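Every chain is named by a letter (A, B and C) in the order it is written, and numbering of its residues begins at 1.
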Amino acid sequence: MKRAFITIIFAIGAFPFAALAQDKVIRVGVLMPISGPGSYFGVMGKEGIDLALEQVAKSNLNGYRLQVQYEDSACSPLQATNTVKRVLDQLKPHIVIGEECSDASLAIAPILEQAKVVQLNAGSVTMKLTESGYKYVFRIFPNAEQQSAPLVKVAREKLKAQTAVILYEKTNAGNDNAEGFEKPFVAAGGKVLAKIDFGRDVNDFTAIATRIASLGKVDVLPTFALEGQQVRLSQALAQAKVVKGGGGPGVQMGSIWLPFGYDQKAGQASVGYVRIVQFDPNEKRKVVQDFVKAFQAKYGADKTPTHINAHAFDTILLVAEAVRRGAKDSETIREQFTKFKDVEVTTGKISFDKKGQNSDLSVVHFVETQPDLSWKGMSWQ
Amino acid sequence: MIAAAPWLLGSAYWRGILVLCAMNVLLALSLNLVMGYTGQLNLGQSAFFGIGAYVSTILIKTYGWNFWLAAGAAVAAAGLVGVALAAFAVRLRGHYLAIASLGFAVITYQVLVNWESMTQGVRGIYGILAPVPDTVALFYLVAGLGLVVYFLLDNLVRSPVGDTLRAIREDEVSAAALGVNAAVWKAFAFGLGAAIAGLAGCFYPGFVGTLVPDAFGIVESFTMMAMVIVGGMGTMIGPVIGAVVLTFLPEVLRDFGELRLMIYGVALTLVVLFMPGGMVQAWASLKNKIA
Amino acid sequence: MTDLLTLVVQQSVNGVYLGCLYVMVALGLTLIYGVLNQINFAHADFVTVGAFTAFFTATRFATKALGMPDTGAYLLSLFAALGAGALLGWLVSAAVFAPLRRSGADELRPLIATIGVSVLLENGQLALFGPIPYQFDSPLGRQTIRMGSIFFSAQSALVVIVSVAAIAALYAFMRFSFMGKALRAVAQDRETAGLMGINENLVIALTIVIASALAGVAGALLGPVVVLTPFTGGSLIVKAFACVIIGGFGNMEGTIIAGLLVGIIEAFTVQYLGSGLIDLVVFAMLLLMLVIRPTGLIAERKEENV
């Protein structure tokens, strides 16, 4: 049995030598949660990346091609650490895309930093990723402050909200977003009546909705949870007559957690929901429309891409763009990234700031769910 | 062979898996003491693993303790909690004990998640350093401890203490009739098992670098149990084999991508169905057939 | 809703409904334990399978292929889920429980085997259905029933009604039918039952099938009110276990009371403490139960033979 192990291990280890033998390859490691509940992100992320690889292969990359190795990091620091080491050993990547969950992304950052391999993150929210001084970390996903601060502004200025109840899932991402709303809201004179968190395994929200109903008049309810739970939550809130969708006074607010199509799933309960949208499949920009068409051609005409698909798609676009501008290894990819200004992708324009965070939020806009469940773009910003 | 392992598997990734394996061996041995030798159904071993991890990390990070002192305190803490659980559950047996231990594990997990001022909850603790900077050195350290624990336990089960524990496993009531104070010995077994699990826990955060409560849930308890059973419960070498197999199997299966866990589930079920004494027994009966 | 009485009543209503959810899942577990002395960890995954079966029957098959109206489609899906659960139960009984019983296994190995089955089912469904939540709408799902200031959704009312009906049916079966009596005989004393001519294996297999069918129906009922993914079962199982224990292993009445109790405690914990503490409270209660009254709320179990 020991011999079998060793043979298998050498077989796996021999793989990258075949790849290295060829010239002009950019090796991309992708760490996605493919198993466990986190696979919600991983499945969509993989769809986006697969599509992007197809497209990029047809374009001009100065003779280079992209070689991708997927690993299942299962949204956990242990798995992320193991798989990042595995990918570093086997693939010797120039860049690693990952992860989705904040814990996992933070876990691999120091390892990639030490290995001097670029980490391109398109799914985590935690401020710590770009506040820890890493030079090799880049993120195109809006961080917690970028997501929550505009919500506070709109809540106070446009919606004239005095009171808020913050609802969030009990994860790093939920916590960060909730705090990102609470601090500025209170600083601007608002009152947070309650901060209610719940685990990802909570299915029923009637008790929570009842509790909120007992708190008195709530003006806004910023919510940071995944779509499955938000559907049930909105429905419960509507039942309890807390939110507009149920005839109540409160306005649910959200950030880019919810994909297009959420409103149809939640039904009437989602009417009046005000949220930030970054990837909007209705946007007229050519990049977006091409992406939507290609996505539907590949995955089915009834599937509209979500922002998770889009962000993952964009990571490959950015790698390709860096290569076109002359990058050929980790250091040069990093260099190109720092120089990026207004690079256009489906989720907007990319300009990385000194910390590696994309600071261009020009396509981010507010929408409000209409009675016919469509989005109405609001001109706030 | 163990000493050569890190050099045979030359890459950082496999060396990391070796460290994980060594930790799992400690965990499996600890659970085997409680379940295999003393016959107590314990579904909550991951809680002690977690206590070891968190107590040591908090002492080091928040209070600036030295690693070995912190580890000592963590092991003691885990052991004490183990004794407490045994005392609490002293009259429970079989499935009742199983669920009590499960409940205990859930409660411990919830405390880790909710006591945010101490544990940071789901946010996690980052930037944790291992006691030795090199993965290979870490492996030798943990594996070395594993060997020490193995020999200690081996001697223990061969001694009259082992007989006492086995007596409790076979028939607690009769043992009591023979003058065995079952409660005291169960507490001993639980406490020692918990302490060993806590010891493994001291190395875990440093290895991963990040500490979150999710690593110490019910799934981990089940995995530990699977290691003991698949290897061969009630033997000394069984848990070691089980730990090695169940640490490497999911990693080797990574090439199967999405099917990985499904295969794992099937494998587990099949082993339990067809190899009751685990791999130890299967190996023994194979040898008999060949001989 | 600032009036305290209304609040208490509303949370109690929520609690009863939640409790019925748990009871539906826990009932099958308790049934299997009563007869087999075995814990089936895959039970919650049976519930998930039932939910998915119902979903696909209602939305794809019945409405599209057969062109049935929504209500009819949903009712059909309940039966489909029942069938799926029964089939799954029979498979697991034949493939896992029976062989282990024949080889004289102790309590532990079937437990681990069912863990393996659970992992297999969960990941199998993940591979088939993916992790993205499915939108299962029952015809009643979106309607709210209001009585004064108290509200509940029509689907929750359905959950309660069907749970009660299922419990009543099960009760009648156990008390009045021959098979039911045989089941109770086997539960009480397997050897003697065998000596009296009862085919234990048949009875045991039947029990598992019934329990799993119950799980399937539970899934069909829960589908429209929970977040439907392959992981749904896992989110319910631990609390279902708590109900089984608190109520007393193998004790149906106890399980029902325990389920309702857990549901109500959950609702009030959310109101006054915060939903993050639900598991803590429920399990603290469970541990307390085990110390004070290990045999459960309603002591029916015999003492273990010395």
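One rule holds in what follows: a residue touches a chain if its C-beta (ideal position, glycine included) is under 8 Å from a C-beta of that chain, and two chains touch if they have at least 3 such contacts.
From a predicted model like this one, the values you see are computed outputs, not experimental measurements.
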item	value
Chain located farthest away, centre of subunit C as origin (C-alpha)	A
Selected pair, greater C-beta contact count between B-C and A-B	B-C
Centroid distance [mean C-alpha coordinates] between subunit B and subunit A, Å	36
Centre-of-Cα separation between subunit C and subunit B, whole angstrom	31
For subunit C, residues that touch 2 or more chains besides their own	123, 126, 276
Per-residue multi-chain contacts in subunit A, two or more chains	35, 170
Residues of subunit B whose C-beta touches two or more other chains	113, 258, 261
Contact set on subunit C toward subunit B in their complex	33, 37, 39, 96, 99-100, 103, 105, 107-109, 111-113, 115-124, 126-127, 238, 241-242, 245, 249, 276-277, 279-280, 283-284, 286-287, 290-291, 294, 304, 306
Subunit A-facing residues of subunit B, complex	1, 8-14, 16-17, 20, 113, 121-124, 126-127, 207-212, 214-215, 248, 251-252, 254-255, 257-258, 260-261
Contact set on subunit A toward subunit C in their complex	35-40, 42-44, 170, 196-199, 201-204, 206-208, 210-211, 213-214, 216, 226-229, 231-232, 235, 239-241, 265, 267-268
Residue ranges of subunit B in contact with subunit C within the complex	35, 41, 88-89, 91-96, 98-100, 102-104, 106-107, 110-111, 113-114, 173, 218, 222, 225-226, 229, 233, 258-259, 261-262, 264-270, 272-273, 276
Residues on subunit A engaged by subunit B in the complex (per definition of touch)	2, 5-6, 8-9, 12-13, 34-35, 70-72, 76-78, 81-83, 85-86, 88-90, 103, 106-107, 110-111, 128, 170-172, 175
